[in-house]
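Below: a set of structures, written as structure tokens.
Below, subunit A partners subunit B and then partners subunit C, in two separate complexes.
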Partner chain A sequence: MATAAASRRTVRINGCVAAAQAAKYADVDVITAYPIRPYTATMMALAQMVANGELDAEYIVADSEHSQLSMAHGASSSGARVFTGSSGVGVQFAYELYSPISGSRMPVQMMIADRTLDPPGDFGSEHTDALSTRDMGWLMGWSCDAQEAFDNHLLAFRIGEDPRVLLPQMVCQDGFFVSHITADVDLPDTGQVKEFLPPYKHPYPLDPRHPVSHGPQIMPEQGPPLQLERARAMEGSVPVIEQAHNEFAQIFGRKYDPWLEEFMTDGADVVFFLQGGHGVTARYAIRHMRERGAKVGMVRMKTIRPYPTDRINEVLSRFKVVGVIETNMSLGCVSSGGVLYSEVCGALYESATRPLVLSFMAGMGGEAIVLKEFYWMTQKMLDVQKRGGIEKRTHWVGFEE
Partner chain B sequence: MSTKGTHIPDWLKVPFAGITPGPSQEKGQDLFPTGNWRSIRPVYRDKMPPCNNACGTNEKIQGYLDLVKRGKYLDAYALIKEDMPFPSVTGRVCYHPCEQACNRGQYDEAISIRAVERFLGDLGLALPRDVVQAGPPNGKKVAVVGSGPAGHSAAYQLARMGYAVTILEKSPRAGGLNRGGIPDWVLPQDVLDREVDRLKELGVTIKTNTEVGKDVSWDDLERNYDACVLAVGLTEPNKVKADGEDKPGVVHGLPFLRDIGMGTSKVKVGARVAVIGGGNTAIDCAREAFRQGALEVTMITVESNPQEMPAVPEDLHDMLEEGVELLHGRAMTAVLGNGTVEALELRPARFSGAINASPITIDKNAPAQRFAVDNVIVAVGQHASLDWLPAKFKTERNTIKVDHFGRLGDSKFFAAGDIVQLGTGQPLMVVNAVGDGKRVAFNVDKVLRGEALRPRMLATDVIVDLNRMNMTYFPHFDRVKQDTLNPASRRKTQDEVILAFTEEQAVEEANRCFSCGTCNACDNCYLVCPEPCIIRYDRSNGLYKILVDYCKGCRVCIEECPTGCLEGVPELDFDTGVVRMETAFAITQGLHGRQADELKALPQRAAKEID
Partner chain C sequence: MATIDIERQMLPMLGSPNTGARFYNPDLPEGEPFVPGHRTCAGCGPSIQYRMTSKAAGDNTILVGPTGCMYVANSSYLCTPYNVPWAHTQIGSAGSFTAGVAAAYEAMIRKGKWKGKFPNIICEAGDGSVSDIGLASVSGALYRNHDCLIICYDNEQYANTGIQASSRTPYGGMTTFSPPGPKVPEAKTLFPKDLGRMMAAGHPHCYVATASVGYPIDLMNKVRKALNHRGAAFLLMYTPCQKGFVYETPRSIDLGRLVVECGMFPMWEWDPAKREYDYSFRPQNMRGVADYLKLQGRFGHLHAAHIATLQKFANGQWRMMGVEIPQALMDAENPDAHVGMAAAEQAAAIAHTV
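On to the complex of A and B.
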């Protein structure tokens, strides 16, 4: 497949189009699509690219997300580089396919523009849709703006398709806050992408000339070795992720820490811990509060699968209080709040100087987290620091005094 | 790192993501045995096809038709010769109960089995040497009295088992009923001659002009042989006991045919001939009468219509084609004429009763009918001549009294053929005599080897229900017809009436065979198995092997088996059935096999480690 050569330039696009651009630069072979807002904008952008000849790829519109992911699975099995995506309940409808795709080690890439799960129909961003699939063996992480989304898509192809890894990837961005807000995005030279991302080559593609069986039935005792190997692949991706980020920086000139972004954490006593687009607002709030003397900072997690346990333990142990902004819901869970609390606490348990951890149910249903709420949450963290203990583990922000 | 320090033992090593090589013909999917899902197992279990079951000597008809299909004529001939010493004879004369039983008859038309048998028989006769050989001599001597179908068959089977067989035949030429009861235009003499030669080639001695009771005594037989098979047949014609039946010009059916067959006939028939009787011999006599010069032949039967006549329908059809007239519901009560036959006296009569036992009711009060003829041939059955037989072995029907195995009490004497079958309900036909001779020969062998005779306890599963087969695989095809001589011309010749199949015709007809209930290596199971776990094991005899470690018991092969030879047998019926709890994962191939070995080795290894 060939993609029209393009030279480096800066364009003003939203997160959805940035994802589509990344797929184009990655020269994907097959796109499987089924419309659901806010992901629809990505599929529209790709449809235009295929229609006007910018991208030579098979573009398949499925009859549902389940078929969409099944087709992606099949296409990937044949050795194609596959791009797909969805939002909200669409992500859920394809749930059956997530484990088979990672279990058969097919590096399908899926773009998620988060959307709150029903009911009722809510367009707003909440991370529960993708987070609910976090244990299915997909590499997973959130971007906080369009540029990062573009970069993360290229990085994910490079990592997922590495022969040491061969795992599918969910590249997530907040619906609307990232997916539909335009920003300047630096698009690379096609030559740079070619240098960074080698062609995809599955070791055993479906090929009538060399017949193989994919996904056969197995005996009970044959399951554990396969599970262990999938676990090894997930853990084995850690050095691959770090290497990819280093090479990315060398080729494209943008250096990311693959795991955590720390913002104004020097000398901080209390920090926010969050994922995705709210990190952008958090930076403003923190700058304001720092000006007023509050020792507050932010740690934004960029990759949740594989989970950077040791890094989180090491970084968060430096602080007195951690306030986890969930933007997701895990009903009846450890904190009666969200998923991230238990993930953070689990990483901190073995720390000798572990901080106190609060869970903030904020940004739910896709609401913006306004500055006032960041101040309110900071105050809660400072109170806990002062008191030296937690009075209330989880706070529903905006519903308490 | 949770996976740090993990180790997958060799016997659990799996390929990348469980991706396996494509299933191979020899191994199926070696890695992932799915056989333990099965609750039923497909088993090739051949059933008895109705043709084979109906045949008097149980020829493996489905087997030789299948071989003919594949062009393996010699193998087919060898197979037929297991049960039938002279397929060239029965291929011409048999009343083919196989064709009446043929399942294809319910579908379009029965297979023309007899014609294919004749094709094979003639092929066998053309061989410079027969495929059948005598068994290694065992030093025992058996006498067979009579060289008709039963005697020939018994001598043939005994010679194959290594016995020194001597046939005692009272006539000047061997062949018995085959020679003396069947006209040339059905069975040419030279065909029979060659079959008799084949028997001699097996080492059988045939003493002609040797009559028991005259040339050889009962005591001689008992003294000189280890065993003796009496297959003397029914040599004496029945009489209707009408007035004037002893006049010149009155002949009896069997002697009439026998004298022509032996070449000793002095009979000259006139222009108008009547035949009394409605059986197969009567039909042969009527048709022979034309060939001996008659211009008008009338068959007079007590049966009131052709359907009641105890005759083979197609022979009756051929006879009518040749111009024989039928006169039903009459009995001959007297032969009229002064020194010669001038006319018959007929009276209305009724036949009541079974074949071979014919009580006839004649209406004596009805006015007699005069029927002008020049000759009359009486063909109303035969009986035995058993003066030489010790009285204790005689039945009240004047046949030989035998036990279930054809043996005369505890003696070394056995009997076979019409001489025991008369009155038992068994049609007195060549093939039934052959079958009887064969079975008795095997019983003789058992007795001489000191084995006990036991009734066969075989429960035969005769496949007669077309629903047990998959008829979608069988398109309709017309039966291949045997050509016949023109009826007008054949009346004056001894040439064979029914012509032989060409090779193409024989193959075309064999191709119509359903192979009911028996595997004919059609490859359907092999092709439809979705696993695929059926492999061609040995194409030559049509067997397949099911890799039971991979067969999931989906039944597709069973449903799609055209012939119905595949059956689903519950796993619990097998000692090694996979649904038994203790053997739930008892897989012998692939990874499980290695695991099983590993598990077996475990206690020994543990013991060592404890030391």
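On to the complex of A and C.
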């Protein structure tokens, strides 16, 4: 590894470029692009790499996100390593393709830089775009900064293409907060990536020498086994994810818990539960509040599909109050707030020491969650702890006293 | 970066297109990439076309099947009729999925990940897929000039969903979404979308031609020309549907010739390099549209005026091809030259059982 270490370098790039760099290191064969902010910067970077001859890939400018994803499906079905991406309403324009891609077990990789849906359709980050596809059979998780985004893209290729898994991956990052904030990113040596990520080899590609039929019409009684197989692939990815993270740590020297990041949870009574870039602000706020004596911490979920039910049960049961920061909308849902509340409560139902759970609608419209709001939310959690019960399930932060 | 040159296939033309040996030709390839055992209807035009097309293409071929009859009726789980790789894709993804396959092979061969001649990549999409829901997807693939062939097997309706009107359903065509009634006696009121010419006009590098199951050798040669063309190609193929057109099952090939002879389905090729249409294809006869319409229950409700309207449409097609129109066909633009379809009531009764 002596030579490998020699060509490692640290560059200052944003989350979009970090994702593009990861695709380049993975030596993708086909890239399908369609413009929508903010993820566009990833495709701009890749277009330049292809134009410069740094990356040998077919770069296709699609006619829509629907076409982007069907091209990715076709290319992956033929045996190529494929990279695509989108944001906001673009993610939803392609919605039809998510189930066929995971159903045919094609490990397409999709980068998502979140954007609000319409309305409001602004450039800010809300996770509703990607979360609305969470049950379509894609591996899915959020990165909180550019380095983690780079790493998660490599990890996702490795996990999704594993013959025990063969599932597509959505590697998500917050629009702006991650996608357009520059940070120092450690870029590895290509030899390290080769060691970590074997070439993509689908067992049954569309190859004229070994004819196969993909996705024929089926009778109702033939459906359940296929669905069960896909469900098992998702469940079966759990040990593969853990193994990949261990090997990643050995090769690249960065050790991640694949499921949850715990921050200052020792001795905490109340914790925030969230995904993505707001975790960075939360760390700062928590440090500050700890100095003032509040026993607050954070649990940041890194992988939402497959959902780490047992880990969440085990970890969150240690606390008295959990405050879920949604950054997504699920209109008319269990909590009249976001989707994470019910996912958290579902995992905690079997716990003997269930914490009280409340949900915060914060960061909506892609607004930053400022320190003042973290303090306010912490106070709400402490009030709940003191009262021994919640006041209401969902608080819209900034709209209440 | 060292890249590997891509070797492309070059398929020979078959003898005697259009004249002479229409049904037997010693050059005909023996291979059958599309084998029996599927569930299409007897006399199914699209599946006759499918067999001819895949025969012409040979074994180094990949087929793409967007949702439609050639997916639903052909492919049953654990038993499909394709001897070459085949993949289903969504009805709106005809061009895009195909483009993905083509792009994958460009990259994989160039990067040494797959060795062999570039395969024929053929998409078999229905007219609903190409002219309606997947139009942008197909246009995108043709525009970007992927080395592939997109076929629209045109049965002028959504057939596998139970006969609904598409943009290719002709004026006067009865479907379950365009039924005739006292207020709309002619059934479909719009003329069909001019799909072939749209594709020719809008895609600078694309080989485009029309073909019909009535002329098998011509059809197979156009398939080969399209596959030999380096880049994107589009073929619009007339493929009658016994179930939706409501005709006697053995007459599929007859209809494939009558539709050309009556001028309702013009045969031409578009040369993208010269930017010219080739209208040299001539059917053996020219005849009035009534000869074609009267064989089909879907036109059984038409009044004399509607038949005259279709004759005007057909004459317009002849004129566009620069063909001199015989006086008899000019006279047939007059409603007085026609009587309503004699079998109107009978045909409606058949159609209602569909």
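We adopt the following convention: the second predicted complex is superposed on the first by the 394 of 401 C-alpha atoms of A that agree within 3 Å, B and C clash if a C-alpha of one lies under 4 Å from a C-alpha of the other, contacts with A are read in each partner's own complex, and residues count from 1 in each chain.
By our rule, a contact is a pair of C-beta atoms (placed from the backbone, for glycine too) under 8 Å apart; a residue touches a chain by one contact, two chains touch by 3 or more.
Worth saying up front: this structure is predicted, and the values here are computed from it rather than measured.
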| item | value |
| --- | --- |
| Side-by-side fit of subunit B and subunit C on subunit A, or clash | clash |
| Which of subunit B and subunit C A:S64 touches, first, second, both or neither | second |
| Contacts of A:I218 with subunit B and subunit C, given as first, second, both or neither | both |
| Which of subunit B and subunit C A:G323 touches, first, second, both or neither | neither |
| Partner chain(s) touched by A:G79 [first = subunit B, second = subunit C, both, neither] | second |
| Contacts of A:A231 with subunit B and subunit C, given as first, second, both or neither | first |
| Contacts of A:G297 with subunit B and subunit C, given as first, second, both or neither | neither |
| Greater subunit A contact set [subunit C / subunit B] | C |
| Subunit B versus subunit C as contact partner of A:G103, first or second or both or neither | first |
| Against subunit B, colliding segment of subunit C, chosen among 40-48, 58-66, 148-156 or 310-318 | 40-48 |
| Subunit B and subunit C contact sites that coincide on subunit A, given as residue numbers | 104, 210-219, 222 |
| Subunit B to subunit A touching residues, read off their complex | 1-3, 6, 8, 12-14, 16-23, 29, 31-34, 36, 585, 587, 591-592, 595 |
| Subunit A-touching residues of subunit C, taken from the complex the two chains share | 1, 3, 59-62, 64, 71-72, 75-78, 80, 82-90, 92-93, 95-101, 103-108, 110-111, 113-114, 116, 119, 136-137, 139-140, 143-144 |
| Complex interface listing, subunit A residues touching subunit C | 29-30, 32, 53, 56-58, 60-64, 66-68, 70-80, 82, 96-97, 100, 104, 199, 206-219, 222 |
| Subunit A residues touching subunit B - in the complex, by the definition given at the top | 103-105, 166, 203-204, 210-222, 224-226, 228-229, 231-232, 235-236 |
